[in-house]
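Across the two complexes that follow, chain A remains constant while its partner is chain B and subsequently chain C.
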Partner chain A sequence: MSIAITTQFICFTVLSLVVIIGALGVVLLESIVYSAFLLGGVFMSVAGLYLLLNASFVAAAQVLVYVGAVNVLIIFAIMLVNKKEDLKPINDIKSRRVISTSICLTLLSLLIRVDLTNVWSLSSPQNSIGEESTIRIGEHLFSDYLLPFEVASVLLLMAMIGAIVLARRDVMSKDISTGLPVDQELIEKSSEPLLTNKN
Partner chain B sequence: MNLESIPLQAFLIVSSALFCIGIWGLLNSRNAVRVLMSIELMLNAVNINLMAFSSYVDNNLIQGQVFTIFVITVAAAEAAVGLAILLSLYRNRVTVDMESFNLLKW
Partner chain C sequence: MEYGLDLEYSFNEFLKGFGLSSEIAHIIWLPLPMLLVLVAAVVGVLVTVWLERKISAAAQQRIGPEYAGALGVLQPIADGLKLLVKEDIIPAKADGILFTAGPILVLVPVILSWLIVPFGQNLLISNVGIGIFLWIALSSIQPIGLLMSGYASNNKYSLLGGLRAAAQSISYEIPLALSVLAIVLMTNSLSTVDIVNQQSGAGILSWNIWRQPVGFIVFWICALAECERLPFDLPEAEEELVAGYQTEYAGMKFALFYLGSYINLILSALLVSILYLGGWGFPIPVELIAKFLNLPINAPSIQVFTASIGIVMTVLKAYLLVFIAILLRWTTPRVRIDQLLDLGWKFLLPISLANLLITAGLKLAFPQFFGG
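Here is the complex of A and B:
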């Protein structure tokens, strides 16, 4: 790392503030569209934290996969399901909020206590490989992590096929065995088409 | 205060806070899309943890970075399948309110 230590501290403070405040905005904001765009900001700041940790390849992967794929996918999903609806009020929402907030704060205090009190066996910074990390990741992926690497490709193929099967709309119109028309109400609730054909 | 570099604990505290915010959002969201976003936040917190340990504890054989790559892969697959399930739920129930998906409640 060649950046001066003061610059590192300033970058770290700014990035972690953006991460924490952005994450709070993601869960607390009323509008789901603002949440999605703030989520993109959180992902970008996490990529910045990776750059501070000397991991340029993972930072690039984070930007490409999270901001470029996952966030865009979430925005598309919001666009497809964005309908104003009046949520039914829950009668015990107050106690639920109190219980969940106290659980989260307890967990946070426990985690911070472990972080601060445990003695970590830090390795000496002279061993740091720095910018060679991309080469080292490639060596790992094709030697001792070869099996997980190949399994990941099968997982991605399964996720792709599963997403297509789950999300596609054209269901069969005829029963395969009898040839009778299928009751579409069983498969899909009839609803108003979003784009009405004017002709 | 005269430090050589950013302490490891700073990264761990940021990731702990991010993880707890994710859990809070997972428990309290009414919108199903926001639940998926909270899951992504928690996965990112885990990734920050892995990267911090890989840089401070194991900075020669960076195995934490390899694990982060795998977590990113699984998160992308999870997001795709999760949003497809959400779309098919929306098509059947015409709502994304988490309180209305109570078919498996005993």
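Here is the complex of A and C:
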């Protein structure tokens, strides 16, 4: 085994272990903040796996989009809404667990089937394009994948407008949560009075 | 490789002369440029700290550090030693793991970004194909470190400071990336070496600053905001606010933030000089001078000479920009947080979008000037 292949193998093992252990941590840890930071770690290691596959552009995009945008937003949301709140006990917890387990198992079997049926080996090792892949991705995005690309952008726009409408309640005449008419003068007024007049 | 020094090749050939295999030679070679760049970055920080002290003193009609070495040049080393031997305090109710990981996550991406800074045709650690995009991706990791250290301090001022720093960093990343995109559009490549080579045609006249004046200004403003320099140093705001996410930090962990912000400043200055000021290019093309003096451009001695001129030019341009940043810090007032976000989202973002659109249009209309 040459040094390059050994290095690649060690990197692959470490990255896979980080992905698996990190993902388990995301699901199993009690603290939601730890889960969010671990999720960032998992995204980073997936980017590392892309790098091992010679897809440097995809790896950088993964870091930029998933770590730099998605994960930061998740952490932001957790830190802004850090409300200590006791969750209501769920009555039919057992049946829910059965349903979610069966859904997860179905998805797992689907993935296993894809793994078994797909032909993974490349027709020839010379087919890997390496640094050329940036150009190839751009060509595909603006030719045969143009419609999904544009639809995705419209989806993001819709999500953004929805978020703005939810966040800025003054654009509506009625408060969404309470149904009371909204005071249009103060944008930053909270929907409930801070000091209730008790006498 | 058309021309230029290739130290890696010569080094590997030299080691092979001792009977080592090419793989071993490569492994011995690998850490050398990394160490060199790391040392260069740290020395750059020391120089910048000294400059900051001296220039701020001059701006305020003081003398500044004077006793530590000639003209106080050893003062930054004294500062560093002080931070190094200070007690490393983790507040009692802080989250120890995250508290330690935060500063590391802020510093490491900045240092990794030095991977793509070229000081000459072959004088960089790695000419990766995604080049400048790697820097944009890496700099987007930093907000996580800021949020982490703000949260782990278990202090409401730190948490709010971390959120503000992350918000600032996120909102200025977008115009930054868009102005880089305009350059990439003109170059047809993401590689930093290609970006510099594309500007090397006619010396100072072919630098990107003449073709991208708006992009240059937007990039520089955003780079200052990303480095948390005045007028955008709201996360720290030493005279006005509690020191943001750094409040609870002391000793070496604080020094990591400090080091990170200065390395980031030098990195940003280097990248501005690479993207807009012709990188290692001399204002008059070196090839022209060599032709004028009837010197062979490929002779080894001339090669060494041009390579040293390249390094000197890159560092000179970068430090000119660092000087401007320091002067800005000591002469401009600080913006408020709402002004900061307004400037980012309502002014710089539309302007950089328009700049990108106009660049694309000009590229189609005048392909010989704006890259075909």
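Just so it is clear, the second predicted complex is superposed on the first by the 126 of 199 C-alpha atoms of A that agree within 3 Å, B and C clash if a C-alpha of one lies under 4 Å from a C-alpha of the other, contacts with A are read in each partner's own complex, and residues count from 1 in each chain.
FYI, a contact is a pair of C-beta atoms (placed from the backbone, for glycine too) under 8 Å apart; a residue touches a chain by one contact, two chains touch by 3 or more.
What you see is a predicted model, and the numbers here were worked out from it, not measured in a lab.
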### Which of chain B and chain C A:16 touches, first, second, both or neither
first
### Message
Looking at A:51, would you say it contacts chain B, chain C, both, or neither? Reply first, second, both or neither.
### Response
neither
### Task
With the two complexes superposed on chain A, say which partner A:163 touches: chain B (first), chain C (second), both, or neither.
first
### Query
Touching A:69, do we find chain B (first), chain C (second), both, or neither?
both
### Task
Once the structures are superposed on A, label A:39 by its partner contacts, choosing first (chain B), second (chain C), both or neither.
first
### Task
Please indicate which partner A:148 is in contact with in the superposed arrangement: first for chain B, second for chain C, both, or neither.
first
### Query
Which holds for A:3: it touches chain B only (first), chain C only (second), both, or neither?
second
### Query
First (chain B), second (chain C), both or neither: which does A:121 touch?
first
### Message
Let me check the overlay on chain A: which residues of chain A are in contact with chain B and also with chain C?
### Response
57, 61, 69, 76, 80
### Task
Could you please specify the touching residues of chain C with respect to chain A in the complex?
23-24, 27, 98, 128-130, 133-134, 136-138, 140-141, 143-144, 147-148, 150-151, 159, 162-163, 166-167, 170, 173, 190
### Message
For the complex, give me every residue of chain A touching chain B.
### Response
1, 5, 8-9, 12, 16, 19-20, 23-24, 26-27, 32, 35-36, 39, 42-43, 46, 49-50, 52-55, 57-58, 61-62, 65-66, 69-70, 73-74, 76-78, 80-81, 83, 85, 87-88, 90, 96-97, 100-101, 103-105, 107-108, 111-112, 115-116, 120-123, 125, 127-129, 133, 136-137, 140-141, 145, 148, 152, 155-156, 158-160, 162-164, 166-167, 169, 188-189, 191
### Message
So in the complex, the part of chain A that touches chain C is made up of which residues?
### Response
2-4, 33, 37, 40, 44, 56-57, 60-61, 63-64, 67-69, 71-72, 75-76, 79-80, 130-131, 134
### Query
Inside the complex, what are the residues of chain B that reach chain A?
3-6, 8-14, 16-25, 27-31, 33-34, 36-38, 40-41, 44, 47-48, 51-52, 54-63, 65-66, 68-70, 72-81, 83-88, 90-97, 99-100
